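In order of appearance the chains are A, B, C, D and E, and numbering begins at 1 in each one.
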Amino acid sequence: GSSDGGGASDKNSSSGGTTEVKLGVIPIVDVAPVHLGQKKGFYKKHGLTLSMTAAQGGAAIVPGVVSGQFQFGFSNVTSLMIAQSNDVPVKAIANGVASTGVAGADFGAITVKKGSAIKSAKDLEGKKVAVNTLKNINETAVRESVRKAGGDPSAVKFVELAFDQMPAALDSGRIDAAMVVEPALATVKGQGATEIASSLVDVAKNLTVALYFTSNQYAQQHPDVVKKFQEATAESLAYADAHPDEVRQIVTTYTTIPAAVLAKVTLPKWPAEPNRASIEALEKLGEQDGLFKSTPDLDELLP
Amino acid sequence: MHASLVVSGLRKVYEGSGRRVEAVRDLTFTVDAGELVCLVGPSGCGKTTLLKCMAGLLAPTSGEVLLGGRRVSGPPPGMAFVFQEYGRSLFPWMRVGENVELPLRQKRLSRARRGELVADALESVGLADAARAYPWQLSGGMQQRVAIARALAYEPEVLLMDEPFAAVDAQTRADLEDLVRRLWRQRGITVLFVTHDIDEAVYLGERVLVLTASPTVVREQLKVDLPEERDQLRTRAAPRFAELRTRVYEQIQAAKRGEPVVEDAPPPR
Amino acid sequence: MLRALFVVAFPALLFVVWWFASDDSTDVYWPPLRTILRTFPDVWTRARLRADLLPSLLRLLAGYTSAAVVGIGLGTVVGSYRKVRAVCEPVLEFLRAVPPPVLVPVIMLFAGIGDTMKIVVIASGCVWPVLLNTIEGVRAVDSVMSETARSYGITGPARIRSVVLPAASPQIFAGLRQALSIGIILMVISEMFAASNGLGFTIVQFQRGFAIPDMWTGILVLGLLGFLLSVLFQLVERRVLGWYHGLRDASRRSP
Amino acid sequence: MNAALGAAGLAAFLALGEAVPRLGIVKEQFFPPTSRIARALGDEITDSAFWTDLGDTLTGWALGLAIAVGAGVVVGVVVSVVPYLREATASTIEFLRPIPSVALIPLAVLLYGTELRSVLLLVVYASFWQVLVQVMYGVRDVDPVAEETARSYGLGTWARIRHVLWPTALPYVMTGVRLAAAVALILTVTAELVIGAPGLGARIAVAQTSQAVPELYALIVVTGLLGLLINTAARSVERYALAWHQSVRGEVTV
Amino acid sequence: MHASLVVSGLRKVYEGSGRRVEAVRDLTFTVDAGELVCLVGPSGCGKTTLLKCMAGLLAPTSGEVLLGGRRVSGPPPGMAFVFQEYGRSLFPWMRVGENVELPLRQKRLSRARRGELVADALESVGLADAARAYPWQLSGGMQQRVAIARALAYEPEVLLMDEPFAAVDAQTRADLEDLVRRLWRQRGITVLFVTHDIDEAVYLGERVLVLTASPTVVREQLKVDLPEERDQLRTRAAPRFAELRTRVYEQIQAAKRGEPVVEDAPPPR
């Protein structure tokens, strides 16, 4: 398991020449590289020991990082931009995860029930579409898919539903479509659902979806630790990207995804660097949808 | 219509919380239909227990109670009970009038008839003014009279009263005694009356049953051969009255001392 | 007069403490009270109250009422019959321990993702204090009172209505009182799932959107709502339990 | 006897859990039948990490409950006994009570991260009110005659609390403890679930995001069973502590 | 050491739940230190109210009560109260022995001394066996005797008793009467005793106070000029006893009828 962050370790306690840092993550495939990097000794090589805590989402991770309870955290890009626009002192430091960039073969997609009359994103007008969080990256992505398909995104009825509840809701017809990511995507596909759009691809080519971040304060006070983390993470991302089988293997150590599902899961991309252009595109769309209180300062936010 | 009460071989043992009490050992007696019997006995001898068994509120350990030939296994209709713990037997969320009226509603009497019965009953115990008060706004004696009024308004065929006049003053007590005798004669009801007051037992009853101390049996059954028509002043002053009360007194004292029960004989004249 | 002073003094003190303790806070999560109060009117506009507070209140009302009905009804039955209690208690205790955030997805399987689900979630949480207190209150009905009722042939519905429920009512009201605040809590939790409006939904959106002062105003609204509902509750209780307060106060008018 | 009836009730409940998906009322995929859940539960309990998590959850629960009950009883009694304190605090209590612990999660994390203390903060906050309100209603239930008796014999405030007020409030307190025990368990699991502190809740979170439905239900069953055990314990304490009370002694006589 | 009780101009009005009762209008009387006074009056006339005011349990609407010259504003130490509602005045969560012992603990007596006092008191009311029972396992009369035992074990200087023997049988009652008189004489305590039994009032008291019906004032104060040494048989048979009881009876009846109060005069010899 990954939930071994309960130790009473101090922020920077050194043990055997390595610095222990706490990392707030979500127990999903996306964070496989850090687990893998930890296992492969990439962090150790840079003098870091990761202590990972799996939280449910940003509501717990961001305040944890801001208050210094965690040194680093994992968050989607839109959330980070929203946080920054609200003066939450966060700073992205390493790439997290990116879309595969291949329409029809991404790790997230808009899906409809088998036999649904909805054939394209345009047909979502007037329909009920589930996203995991309203006014966040997935809603932006769905809106863009609708727009690109020639529809009016403001005519879509969004409803907030956790990924894991989407298969049942879609199957029972309580929602018309769902913006799902892995492993729920593999599950709905197993139910015979069809993908009608790869929204993340629609936002931008090779969209950077999530980033590792720290607090401004920590970044200023411990540039050395941050640097080590960046280097080790870059190495881990590259390794994970190149070794999909090892990724599928490491995922079983911190999730309980059933083997049959895991085999069908489409892995994301883990480029070593964030794709600035894609983030700018995401920022534009977010701005257009009124997500931000003030325009996020990407120079300030991004590494 | 009115039914006799037969108690045969009644035994009641209380068990629980680390205490076992044989409250009643073996009681056998009969109250004829339309009879008024008074029950006396030392404190804690099992009078309340006996009454509750007779009312079908408590299951006897062995033995049985027959009412009109039918075994009592739950509260029979047409029977009213005046509890010794009068305070706790009134419902504090109901006003006095409602307390008296409640059983009548259960009898499905008309509203008008209920109102009449309630008013009459409260009037007869001297509480006509208190109908709108809550029980806890009344004095102890007044509460006890409410409980009596409730039983009277119910127009029972069998009336079981457990020390019903313990908390009222002497004058009220005398009035209530006369009320009970009057109702008994008018309505022909069967009454079993528990009291600690020997004079009261003799004055009221057609027969006085004396119980022994626990474990309880019937010590004596005394026929009260005073005239039907009784009067607080004259009856109580009668020499026969004095004889009877002395007899009962002696029996109770003997019961308390635990003397063996003598044969059932009428007191000497 | 003195009493009125006491009633306002303590909250006022807390307010002052909060005001000054937070006044120069730069922590985004602990904004100065000043900022929160300044944000308040901007956030809780009339339109928002209609769009978010009203649906929440209606769900709360529906959920709370059904919990009260089910809790008192079931509690009376379970409390009155020892065997029923023995059969039901393990299952009830099992269900009671399941946390609403995990329970909601299960409820969604049966009740959908609309208002019905939210009402069921609220009711499923509120019902416990009412149920438990009703069971205990019914079990504790004074033996002399229930014997009195039995001896006068007051059985069945009349017994429940005239004896059992009034006797248990002080304790039932303790449960209803508890349920009120639990209802508000579950209203928030239910609106974290598949919602598009409501007080809980709004607060969670603020929280996820890092609009921290706005989130604090939402917490204030929840508190105010709880306070107002409890005042309302007390008015009802004073009426219904008038006899009880009279009885208990009877001898407390002493020095 | 009671245990047998309770087992029968549970068996019926489990049978229902088997029947609902089997009859197609919901899909097995989303609501696995009891037998499938049992299998997943079997797998769970052979995993040593499960027991560690269970231990963490129980620690959080027990500590949180103990603090909440202690504080709830003390505050409840003090507020009820000291003149004017009740009036003074009433509005504040009513204001704070409905604020959901879940809304406080960011604050808890902010203060204590994902440590036990963070869980405790949420658990104590939520279960404290359960006890407090029950204590306040219980104290109000003191029989005036009993209270007068105690006063007439010169029992001081402390003696009256101990000998009159406390026994009267005890049945209410017991109900409060039972309510609080469940709320504490709920909040322990919820807090672990949301903030990722180690424990059953974190395990549930993993099962949720992993689409591991039977495992998820197995864990839900574990929390339910915990609730059941806790209640059984509370009931036996009650049978001992409230032997004198109508609700308990009524069970003995017919 | 022992203190006199002075009641002056006492008035008590109950208000609330839509009812206003002037329970006591204007009471003025004195109980000397070491005196045994009996109080009689019609049911609901305010005897319990008066006693509670004297015990500092109820605040009078006006007037005051002085104990040993000091105004009573709360329960004074060294005073014991036997409540009319004996059942509710016992704590159901304590066993009988604990109920009796509780006030003694408050007095910080040693464990041994407490045990002795409890055993003696229970013995003297005939309940030595019942120490380990809970009050609700006892009969009404037994409960009442526990309440009496509690007061006796407390060794009070002032003893207020509100119909303390209402629920016990005649023999026990006689025994308890003698017990009270004996303790009163031995310990020199001040006793105020409410009863409905006129014979009891005359037999027990040095003085009998008769109250009128509500709104209550003192109707008569009657000195009981019977010898100190009293005896259930001889005293009650004495002609003077009969005179006194008749006098009290007449006064109560007059009180109930609401006749004007006559001047305070001793009964004719």
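By our rule, a residue touches a chain if its C-beta (ideal position, glycine included) is under 8 Å from a C-beta of that chain, and two chains touch if they have at least 3 such contacts.
Keep in mind that what you see is a predicted model, and the values were worked out from it rather than measured.
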Co-neighbours of chain D and chain C - touch as defined: A, B, E
Of all other chains, the one whose Cα centre sits farthest from chain B: A
Separation of mean Cα positions, chain C and chain A [Å, integer]: 37
Whole-Å separation of chain centres (CA-atom averages), chain D against chain E: 49
Whole-Å separation of chain centres (CA-atom averages), chain A against chain E: 83
Where chain A touches two or more other chains at once, by residue number: 57, 59, 62-63, 66-67, 162, 164, 168
Residues of chain C whose C-beta touches two or more other chains: 29, 105, 109, 142, 207, 243, 246-247, 250-251
For chain B, residues that touch 2 or more chains besides their own: 14, 16-17, 85, 88, 134, 137
Chain pairs in mutual contact under the definition given at the outset: A-C, A-D, B-C, B-D, B-E, C-D, C-E, D-E
Touch list for chain C against partner chain B, complex: 142, 144-145, 147-148, 150-154, 158, 162-163, 166-167, 169, 243-244, 246-247, 250
Chain D to chain E touching residues, read off their complex: 143, 145-146, 148-149, 151-156, 159, 163-164, 167, 170, 244-245, 249
Touch list for chain B against partner chain C, complex: 52, 55-57, 74-75, 77, 79-81, 83, 85, 88-94, 102-103, 105-107, 134, 136-137, 150, 154
Chain D residues touching chain A - in the complex, by the definition given at the top: 27, 29-30, 49, 53, 56, 105-107, 109-116, 193-198, 202-203, 205-212, 215
Residues on chain B engaged by chain D in the complex (per definition of touch): 14-17, 58-59
